[in-house]
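Each chain carries a letter (A, B, C and D) given by its place in the written order, and its residues are counted from 1.
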Amino acid sequence: MKQIFGEYAEETVKSKEFLKIGFTPNSTQLQQRWRNNGLSADFLADYLTTFFPIDDNEPSTLQRATELKGAVSYIANELLENSMKFHNPNDDYPITLEVKLYNEHLVLCVTNSISPANLLKFQSIIHDLEHIEPQELYVRQIKQASKNDGNSSGLGLLTIIDDYEAKIGWKFETIQTQKPTEQTLVTTMVQLSI
Amino acid sequence: MDIITEDYSIKYDTETSTIHWQGIMRLNGKEYNPIAELLNEIAALEPSQITLNLQKLEGLNSSGITMLGKFIFKLAKKKTIGLLIQCSKKITWQQKSVKNFQRLMPKLQIEWD
Amino acid sequence: MKIIDKEYSVIYDQATNTVYWSGIMRLNGGQAYEPILQLLNKIAALEPAKITMNLRDLKALNSSGISMLGRFIFSIDRKKNIQLLLLGAKAVPWQQKWAKNFQRLMPALQFEWV
Amino acid sequence: MVKIFGEFNDKELKSREFIKLIFSPSSVPLQQRWRNNSLSADFLADYLMTLFHQDENDPKRLEKQIEIKDTISYIANELLENAMKFNDDSSPYPISIQLHLYDDRLSLCISNSIPAAKVAQFQSFINKLLSTEPQDFYIQQIETAEKDGSISSGLGLLTIIDDYGAKLGWKFENLQLLNEPNYPLYYIKNQMKWLNFWFRVRKWFVARSKNPNITIVTTMVQLAI
């Protein structure tokens, strides 16, 4: 089973460069390993700047590199935080984070397993993102968070679309794992023009 | 006679014949050539002793270790210049790898902070 | 009143009614931000005429943190008796991104950029 | 065909944690992306540090953890420098490095492609490294480097074994055996669809015909912790 939401594009042209990080999501306490989201996001962003050389005589190259680094670091961190929140805690299916570089855009993808309960929650967030104006959704989510002690979700994805002008899409697929059970995987794809 | 970059610096203090190393050096092979040349220039001044202060050199890759090793080996053959290396116990690579320099130059003095 | 951590700090200067933010804040969800929101609410409870938030040294903030700041701004907007000024830095890429959204929560919100 | 040198532990137990980085073959000159080696090595070391149980009241333990962190940073950087330097950039296969954490040890594995013509040279270097006394090897390498005026001395691998007390092993694989050795068996076991299987086989033949002479070498470092 495969389901696509939003702007999800399978690769048709080969990327110029890519970097993929895969890791086990479970055993260390979440609180302690939370730090690794930021660490991984910053690493990815810093790694990418290598492919955007700065020319000292051309201030715009520095600005472009700084902006891109900021955007990739923010977006990758949000995607990883989401994958930690939504991944299936009963499974040790690795979480992967991938960046692919093309001539005019870059793609960030995070894949994680998702439990049936989280699946419904996640798809309702996607539904809101697709059907409600960003401005309205933003105010609505802040108000909602004020009511229930800050437990909002979905603001991360919203800011990715609205603040960073990125395209976003999702792929849900069910795969057979070694165990007798099936596992649902979700891939969130963000496309950013450069 | 100094080499200063964003990641590392090497500064020669003529008065004390001390070379101060600082930062993280993980250069790509031949990139060490200017540094090897600097060391050779200092050796050509024929001071009676040279001190390498590595206490602030936090990282060095094996190409860097080779570059230092070659210099130490050269001084050992020369026999006219004494060599003192100042190290820090807090820096892992020094704890692990500096002892090998002694093999290249038995008279090498090593001082730990 | 201040919160100081290895990665970030939030410090209130009573003399100037300024909250100084610095570092990298990427805490785990709304609950982890609760102590910071409480600090902000305590400051608001003092009813100063104006609160300044100096965010120029805040290098990164995740969406949970943006949400927390948004909640605070929204609560000040409803109060109507406190002015709010945000000091931002153009050099920190994320800061310009949130500005327009915060304005939606509080139309009277003021900004100053360097 | 698979050839093993040194202490290569092919039948790994399930690790407690792992992290893997996969780098695309790159068209950008190595010099421009050289910094990424150090960046990646430090990232792996920092990442590992987070996985350790931290106790601020136990300075001995913290000291040990910092030593492990520095060790991983050094070793991973050496492995990445080598992999990037010696990788056959015409190979379609990416370079990957993975770190596995177990209760009492950890392992680092790095894979890259090398041209068939370089295999023998590398294998004879490995044999020399494994059969020579470390002290002698160290001095020989420095002497040779001094004579040639060269900087690449193969000292990186020696320091990993001798200075950091790690076990080192290598696996050389021809392209034909890449992915899963027992293709049909593997797919039946994993209940993959036959269509998918044939697709993979086709892809494998295409890759093989394009790059008949590529060998993948995996270097494995094992370290007690």
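As a working rule, a contact is a pair of C-beta atoms (placed from the backbone, for glycine too) under 8 Å apart; a residue touches a chain by one contact, two chains touch by 3 or more.
Just so you know, these numbers come straight off a predicted model, no measurement behind them.
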| item | value |
| --- | --- |
| Subunit B and subunit C, separation of their C-alpha mean positions in angstrom | 49 |
| Computed distance of Cα centres, subunit D from subunit A, in Å | 28 |
| Subunit A and subunit C, separation of their C-alpha mean positions in angstrom | 25 |
| Shared-contact residues (touching 2 or more other chains) in subunit B | none |
| Touching two or more other chains - residue numbers and ranges from subunit A | none |
| Multi-partner residues of subunit D (at least 2 other chains) | none |
| Category of the chain touch graph - line, ring, star, complete, other | line |
| In contact (per the touch rule at the top): chain pairs | A-C, A-D, B-D |
| List of subunit C residues in touch with subunit A within their complex | 24, 26-31, 33-34, 37, 60, 62-64, 66-68, 70-71, 74-75, 91-94, 97-98, 101, 104-105 |
| Subunit C contact footprint on subunit A (complex, rising order) | 30-31, 34, 37-38, 66-67, 69-71, 73-74, 77-78, 81, 85, 135, 138-139, 141-143, 145-146, 149-152, 155-156, 158-159, 162-164 |
| Contacting residues of subunit D [partner subunit B, same complex] | 30-31, 34, 37-38, 66-67, 70-71, 73-74, 77-78, 81, 85, 135, 138-139, 141-143, 145-146, 151-153, 155-156, 159, 162-164 |
| Complex interface listing, subunit A residues touching subunit D | 15-24, 27-28, 32-33, 35-36, 39-40, 43, 46-47, 50-51, 53, 94, 176, 178 |
| Complex interface listing, subunit B residues touching subunit D | 24, 26-30, 32-33, 59, 61-63, 65-67, 69-70, 73-74, 91-93, 96-97, 100, 103-104 |
